[in-house]
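Here chain A shows up in two complexes: once beside chain B, once beside chain C.
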Partner chain A sequence: MSIAYQSSETERTDFAAVLAKVCLVAFLTSLGIVVLYPLLWMALNGFKTNAEMFGNPFALPSGFSIANYISAWNQGIRNYIATSVIVTLGSAICTVLVSAWTAYGLTRSKLPGKPFFVGIVLGGLMLSPTVAVIPLVRMMQDLGLYNTYWALIILYTAFRIPFTTFLIRAYMLGLPRDLDEAAIMDGASEGQIFWKVTLPLCKPILVSCVILHVLFAWNEYLFAMIFTSGADLQTLPVGLTSIMAKHGTNYAVVFAAMTLSALPIVMTFFAAQRFFIRGLAEGIGK
Partner chain B sequence: MTDLSLRNIRKAYGDYEVLHEINLEVKSGEFIVFVGPSGCGKSTLLRSIAGLETITSGDLVIDGERMNSVAPSKRGISMVFQSYALYPHMTVYENMAFGLRIAGTAKAEIDARVCKAAEILQLDKYLQRQPKALSGGQRQRVAIGRAIVRNPRVFLFDEPLSNLDAALRVATRIEIAKLKQSMPDVTMIYVTHDQVEAMTLADRIVVFKDGRIEQVGTPAELYKRPANLFVAQFIGSPAMNIRKATVTDRSATSARCLLDGGVVIELAAEPGKLSKGEPISIGIRPENTRIHEDDGRDGTFTGTIDLVEHLGEVQILYLDLPGSSDKFLIKADGERSFARKQKICFTARPQDIHIFDALGNNSEMRGKEVFKNAGLF
Partner chain C sequence: MVTVMKHAQKGGAVTIGFAGSGRSESDRLGPVAGILSFRWVLAAFVLILWFVYYPIIDNFVVSTKSQDIFTGETAFIGLDNYRRLQGDPVVRTAIVNNVLYAVISVVFQVFGAFVLASLIEGLAEERSRRFWRAVYFVPSAISITVTGLLFYFIYQPNIGLLDSALTQVGLADWSRAWLGEEGTAIYAIIAMSQWQGFGYSTLLFAIAIQKIPRELYDAAIMDGAGTWRRLWNITFPLTREMTGLMVIVTITGAFQVFNEVMVMTGGGPNNSSQVLGTWLYQQGFIENDFGYGAAIASVIFAITLVTGFAQLWYTKRRRVEL
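This part shows the complex of A and B:
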């Protein structure tokens, strides 16, 4: 009787486990669909004509013509992408290097009052870009940087340093100090320790920070709209609004333009996904 | 040939003093081992010698030159870390060559030195591997190789074997001993809490406790003539048994002592030492006890077996003795059979009994003659 009781208990436990697993898979699948479907829908509509899209918006395109994509590419997307790439890469490199140096100083130096400096740097996380816009415009005009790539590169770098430093610092706290000490015994200077030992070991978190920065800089709208005025210096988010204004009724071209703008960032994320997750997971909680 | 002197070395973190007035002379080519329990300051002293910690006061002198404010890499010292501290993103070759590259050594010279060290340590086949592709023992050899290539005057080892399993630890210990033999002029300072490593490797052992040196001596000296109760119990495994006693009677040449539990022993005592009524401690190593059948004589202990640990060739008996809650350990022949609750009698040769005064210092008395007269053997 006891065995029978145990057996029915086991069956019930197995059933609950299977049910939980099915629910989890169903939930994750739904979540995947919710996230991916709009992107897929946007990309597919880029292959349709305007009439086709309004006639049956959720159907597959009758043919995979890339005319809309070519049209979008030629109507400015090419320039917008080039500007976005320059601004994004420039600010990503500056942000990560400055933040890594800062994090190195905050984790490795024997500076008195270090918690105070950590507070100052990380306090920047709370600074809202919106409230700083007017003084920044004046400053950029005075410096002669208004409507240049440098305006955006400097601003993106400045506003992302606190968060990036926060992530890299957390990662560096987990790196063994023995390696620094071994390098000191080997005669390395602080700079050599940073470049040759610490920085290579921070690769996972650096990749994560670059991806997070790319996501931010690629999609940033406020500064891009305010600090650039010429079409040749507009980044993708501002450029897309221009395209929408120009081709307000030709949604197929707009969707194609949107798909083209999203493509580089999606590809970047998938290419570096492994490092991204590892970097964030290893740096969490310190 | 490098002499190293530590003169009144103090190290403090704020008000907390970690090292108190350390004085030590290390002769050229000596293998010195620092031992002591965790937190006794042995690693701090090693790191101070390396230059990784600043010295609060006192002088560190290497070959007559004061080194307190000299950069670690300029002291002619190499260090092997407990965690190996190999650069994980570099190959074995790059790890070993890193210091030389920083120093701007010519490539051909780097090649020659790395290859020579790799040959000595049998790492030739692994030079292009990364540390993660090596076993623990191989990583430790790379760490040693990285130290060798710099041709140091002094080698520092900070618990280098503690991350290895038991078998590998023995093998690597032997390798380190051979390495020392192959470099007789190099001074080595080795930190460990494992007394087997200390006893087998050291020319001299320095025993630390609470930031102070308790005793400096050869392994045999520390084992046979421990300076105080701490050293007596720290050196030797299992630790020396200690029993409280009181001097009950004093003649011109001897002192009669009553141990807790009622055993009486008689010691030869110089005039001026051990006065009547003085509390003392008696130390007997587990391996220096002799089990016998007789009972009732002076110097004979009687105890009841509480636990038997079989170690193959020997067995450790944990005895309950009257008058003390501490177990008394005996190392007995592995062939004999013992049972729990069995009552046994044992004694020790007079020269194997260590006497410590009320302050815990070795009174240097054994009382060999008087013991014989007392009819113990």
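This part shows the complex of A and C:
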């Protein structure tokens, strides 16, 4: 009797659990469709003709001709990608090197007055690009950097040093000091310790920092829009808005251009997902 | 030299506090090694002071001037630009829109993301957990310019997805030019922003939830606690730190919004979707009124300074607690 009661009870909870699980998966799937369908729609629209565009928006394209993609590529996307790659990689290297160098100084060197310097660097975290943009225009013009790659590389580096230094410093504080001390015993200088001991140990956080910086620089819009004006110097986000302005009526090409700009970063995300996620986790603080 | 020595003493004390590494070596080696050590922070210092701190100070100077951009002549006008801010109805609209942005984002990207993350982390197989985290994150990797343009098209009445989806489910009456009407433009932009951003915060909450020891849940299940009780009594309190930080970060971000509004409506129609960032751009770079633009920038500065200090205070307190 008691055994029978027990088993029917278990059956009921099993049923409830299965129902809950089905509901949950249904919910997650519908949310997944809401997230991914617009992106799929974007890529598919790049294959449509302009006439098809005004038909049923849910319809599939009649064929998969890559004419629009080629057209978008030749109408500027190629140049914009080149500029974005130069600016993103240039500023990523500068930011991570300067930040690692600074973080070492702030944690392990003989630098006097460390709290003061830490305060100045971390204070920069609170200052946003929007607030600085008007004075920076005149400054960049005076320096002759307006409308050059350097304007963006310098600004992306300067504005990301506080955050990147903060991450690397936190990591360095957690590193053991035995190796440093052993190196000092062997007569190594601070510079040698930085390049040969500390930097290799910091590789995980450096990878995370590079990824976070690439995500930032590849997608940045405000500075890129204001400090570049020539078509050959525009980064992808800005170039995309000019394609939109120029070919706004040829929707299919605009969709192809959007897909081409999104593709590199999405592929990077899936290829380096593990590093991405760790980078973001570090980014918000441990 | 005196200041250097003073810093050296302070630096020595803090080195002990932070890293537990005995006496600072600058005490032994004297001030020369100490001064040489400045090379470590020189590059960062020059860059930050020159391109981050100085422009923000200069912004206040610019905001007290009126400037003719063509002749370059400036005139000191004191606080006139700030008085103008008070009477500017678009500034009021912009602040309301920024606040709306903040409130809606906190609801969806902090609390919504928290619930979603705990649902995902409750799944049995690690494979499906990883799958959902990655799916929801994808839009966050794409630039706001792309997602903004994409939703610009989605909201279009003639070719867009939204209105034809509404028509197909029998809600044709609801369809409209979402970005073209004053009543809906800002909400349409905010909705896009939620679509793009919730996966990012879900991922961060998922990471926080993974750090909670499994035994706590096992014990709660033994005591007969259901899903919601475990969520409320274990997951929520133990990710409170992350929640607090996310609230602050989200609010800060909401007051710096620029890109999506610029791409989707440019602040229109009739300035109804302006936010502080786009109004700054409109005044400073389209109307060429640098002084007034700088005054709007000062408002953004004041707000983000408060949230910035809140974050600093919160992070510090958290570090001590742990």
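The rule we apply is simple: the second predicted complex is superposed on the first by the 236 of 286 C-alpha atoms of A that agree within 3 Å, B and C clash if a C-alpha of one lies under 4 Å from a C-alpha of the other, contacts with A are read in each partner's own complex, and residues count from 1 in each chain.
In this text, a contact is a pair of C-beta atoms (placed from the backbone, for glycine too) under 8 Å apart; a residue touches a chain by one contact, two chains touch by 3 or more.
The structure presented is a predicted model; accordingly, all values stated were derived computationally and were not measured.
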item	value
Partner chain(s) touched by A:Gln192 [first = chain B, second = chain C, both, neither]	first
First, second, both or neither for A:Phe216, with chain B first and chain C second	neither
Contact breadth on chain A, by residue count: chain C or chain B	C
Which superposed partner A:Lys114 touches (first chain B, second chain C, both, neither)	second
Which of chain B and chain C A:Leu179 touches, first, second, both or neither	first
Partner chain in contact with A:Pro38 - chain B first, chain C second, else both or neither	second
Partner chain in contact with A:Thr165 - chain B first, chain C second, else both or neither	second
Touching both chain C and chain B, counted on chain A across the two superposed complexes	none
Chain C to chain A touching residues, read off their complex	4-8, 10-11, 14-15, 18-19, 21, 24-26, 29, 31, 33-34, 36-41, 43-45, 47-56, 58-59, 62, 116, 119-120, 122-123, 132-139, 141-146, 149-151, 153-154, 158-161, 164-165, 195, 199-200, 203-204, 207, 227, 242, 245-246, 249, 256, 258-259, 262-263, 276-277, 280, 284-285, 290, 293-294, 297-298, 300-301, 304-305, 308-309, 311-312, 315, 318
Touching residues (chain side chain B, partner chain A) in the complex	50-52, 71-74, 77-79, 81-83, 85-89, 98-99, 102-103, 146, 150
Complex interface listing, chain A residues touching chain B	176, 178-179, 181-188, 192, 196-197, 200-201, 203
List of chain A residues in touch with chain C within their complex	20, 24, 27-28, 31-32, 34-36, 38-39, 41-42, 45, 53-54, 56-58, 98-99, 101-102, 104-107, 109-117, 120-128, 130-136, 139, 154-155, 157-159, 161-162, 165, 173, 177, 190, 215, 218-219, 221-222, 225-226, 236-238, 240-241, 244, 251, 254-255, 258, 261-262, 265-266, 268-270, 273, 276-277, 280-281, 284-285
